[in-house]
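Note that the chains take the letters A, B and C in the order they are written out, and that residue 1 is the start of every chain.
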C-alpha cells in the first residue's frame, strides 16, 4: 500500500465527503446529510480502532464502548443542565481515556483470544450499567434537550455546520493516526504486534506503549461518542452494544486494516451498503451476514488492498 | 437462610446452563483454536426448534428430542460449509466470519418464526414444585436442569478422560500437531467436536427456553457470560469451564439477589435503588477482572490453549 | 574474579522432568569470547534465555556488572547492556532491513513516547543503522524487506540488530548456522574484530570457528558443565571426547533423554 495511493484515496474521499451537504440540498435529499453525518462520526471510531487493531494487533471486540462512554458523558451532563461543550467534550474524552487506561491495563496482560473476549466483556459491563441505571433512562435511553454549546463559536444545531465540524474531526483523527503510525511510538506498537518477544529483547518495555496506544484509541472513540450524542440528541445502550463493536471491526477490515485511510473507506462502504440493502428488503441482514462471512474468508487487505497494484508480502 | 439456599440452587442451575454452553465453546477453542461467536446462535436456534416442535406436536419431549439432532446436523453443515475454512487462520478472521453468521441466524430466525418470540410450555409434572430443602418449594423443572447439567458434565468427563476420542481431544488441546502426526482423521474429529458443541449449545437453549422467553438475540447475552466463564476457567479446559460456570452462576445469582439489600443497608435506600441494579449487573465482570489480576491464565490453563 | 561482566551462580532450570540447566556457574569477561558447546538439547539456548530474562531460572542467580538481574524482565536487561541474536531468526519480516536495524537503534533512546516525528526519516536512527549494516556488508540490502533476504542474510541482520542496541554483552546463538561458507567466514572474522569491545557468549556447532575464536570453552551435556577451560585443555579433555565429540568407550552417565 503505497503512501501515494493512500493519499489519493484520502483526498478523493475528502472531496466527496465535503461535497455531501451541497449535493444533499441540491438533490433535495436531506436524509443524505443525516446518513453521512453518521458515517463521518462512525468513521472516527473506525480510524481509532484501526490504531490498535491494524497497527497494534489488539483485536478489541469492545470498541463501541467508547462511543457509549463519550455519548453518555455528554448526555448525563446535559441531563444535569451542563450544556457547555467546553465542559462536556473534554470530560467525555477524559472519562473514555480513564476507562481505557483501567481496562486496558487488565486486558493487555492477556493475548490473543483472551484479549478479544475480555474487551468484549468489559464493554458488556458498561452496557449493562447503562441498561441498569433507571435514572438515566435505562433501556429507553436518554434524550438530550440541547446540543453542546460553544458560546458563539460554532452552532452545532445547524446541520451543515455540524457536518463540517464532524468532518474536520475525522480529518484530524486520520492525520493523528497517520503521524502516530509512522512515529517512534508507532514503530514500537507495530513492532510489538509483529514480534513482541523480539521487541522486549531489544529493550522496549512494550506493555506501556501498547497501553498508551489503547488509551489514545479509546479517547478518540469517546470523541466519536460525544459527536454522535449531539447528532441524534439521544443516547441509549444500543450505541455500545457489542454488535456495534463488531460492526466497527468489520468496517476496519473491509477498508483495510494496515492503512490509515482504509477504515474511512470501509465505514463509508459498509454503512452505505447497509442503507442500500435495508432499502431492498426488511430482512437485509440475511444478505449482509453471508457477505460479511465471505469478506472474512477472502480478506485481502480490504478495499485499499484491492486498489493497490500487487502488494508484496 | 432458606432464601439464601434457594438462590444458591438458582445459581447452580444457571451455572449448569452456562456450563453446557461453555463446554462446547472451550472444546472448540481448545482443539481447533477457533473463536466461535456464533455459538450463541446455536443456543438460540435450539430453543426455537424445541419451542416450535413442541407446539407442533404438543409435547415438550418431542420438542427436545427433535431439536437436538437437528441442531447437531446444523452444526455439522455449518462446520463443513464455513467453519472448516477458518481453521489455522487469524482469530480476527474467526471473529468476523462468525459475527456474520450471527447476523444471518438472527435474521433467518426472524424470517422463519417472526419477530415476536415463542414460548415453550412444560408438561404438567415438570411444572410442579418439590421440597429439595425442607420447607422450601422449588420448581421441579429447575431441579431437572440441574440434574441434566450434572449428567452432561459426568458424560463429558467420561468422554474426555476414558475414551479414545477423549484421548484425542486432550491431546489436541495440548498439542495440535501431534494429533495430526498420529494419523487420525482430523477433519472428521473436528466436524464431530463442532457438532457435539452445537448440540450442547442447543441443549442449553432448550433447557433455558421454558424459563426465559425464546427470542432473537437471546444467545448473545448468555454467550458473553460463557466467555467470562471460559476466561476464568482457562480456555480449552472442560474442567475449568465446569468449575468457573458454577462460580459465575452462583455469584451472579447471589449478587443480583442480595447486593441491593446489602447496598441499602450501607448507603441508604436512595443511593441503593439507583446503583444496585447497575452494580449487580456489573458484578460478574468485576469478578472476571479480579480473576485476571490474580490468574491471567485462568483456573485450569490447558497446555496448548494459549497462543 | 570480581570484575566479570556477567556471572551466573548455580543456575538451574527444568521443564517437567527434563533438566535443561543443571547448576551452571560461568562468567563472561569483556574482551573475551566464551564459547558454550554441547550436543543438541544440551541446554545452550535455555541458558541464553535465562541470561536474557525470557526464562526465569528455578534456582541460582545472574549478575550483570555486579548487579543482581535474576528477576529483571528482558527489556530491563537489554537496556542494561545485554543483547542476543536468536538461533531461530527473529526479525520483523514486514519491515525493511534498514527499519529493522533502526528499530534496534531506537531501543537505545531513553524512551519512545515520540508521537509526531517520522521514524523512517530520523537521521539519528538511520545513520547509526546504516553504519552497522555497512559493517556487516548488508548496506546494499538496506531497502529490501527483511522477509526477502536469504537465510544467511537474515542471520546477519539478526546480528546487526544485536549490535545496534550498543550492548556490552553479546549472546550469540549459533550465528553461522545455515550460512554458506563465505558468509560464515565473514561472520567469524567479524566476531574476531568485535571481541575486544564486548563480552561475548558464543554458542556454535562449527568446531573450527569455536577453536579459532574462543578464549574459553565450556561444554554442556544434559544441562551440566562437564568441562570448562582454554581451547587446548578442552581439545585434550577425555570426558569431553566421551560425552560430546563422539568417542563412546563408556556408557554415558545418563540415558533416556530424547535427542
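Rule of thumb we're sticking to: a contact is a pair of C-beta atoms (placed from the backbone, for glycine too) under 8 Å apart; a residue touches a chain by one contact, two chains touch by 3 or more.
Keep in mind the model is a prediction, meaning the values are calculated, not measured.
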Most central chain, Cα average position: A
Selected pair, greater C-beta contact count between A-B and A-C: A-B
Approximate Å spacing (C-alpha centroids) for the pair subunit B, subunit C: 48
Approximate Å spacing (C-alpha centroids) for the pair subunit A, subunit C: 44
Between subunit B and subunit A, distance of the C-alpha-averaged centres to the nearest whole Å: 31
Shared interface positions of subunit B, touching two or more other chains: none
Interface hub residues of subunit A, defined as touching at least two other chains: none
Residue numbers on subunit A that touch subunit B, as the complex places them: 53, 59, 61, 103, 106, 109-114, 116-118, 120-122, 124-125, 128-129, 131-135, 242-243, 246, 249-250, 253, 283-286, 288-297, 299
Touching residues (chain side subunit A, partner subunit C) in the complex: 179-180, 182-188, 191, 194-195, 197-206, 209, 212, 312-313
Residues of subunit B that touch subunit A when the two form their complex: 29, 35, 37, 82, 85-86, 91-93, 95-97, 99-108, 110-111, 220, 224, 227-228, 230-231, 235, 274-275, 277-278, 280-282, 285-286, 288-289, 292-293, 296, 306-307
Subunit C to subunit A touching residues, read off their complex: 52, 54, 73-76, 78-79, 83-84, 86, 90-95, 99, 103-104, 106-109, 112-120, 122, 145, 147-148, 161, 165
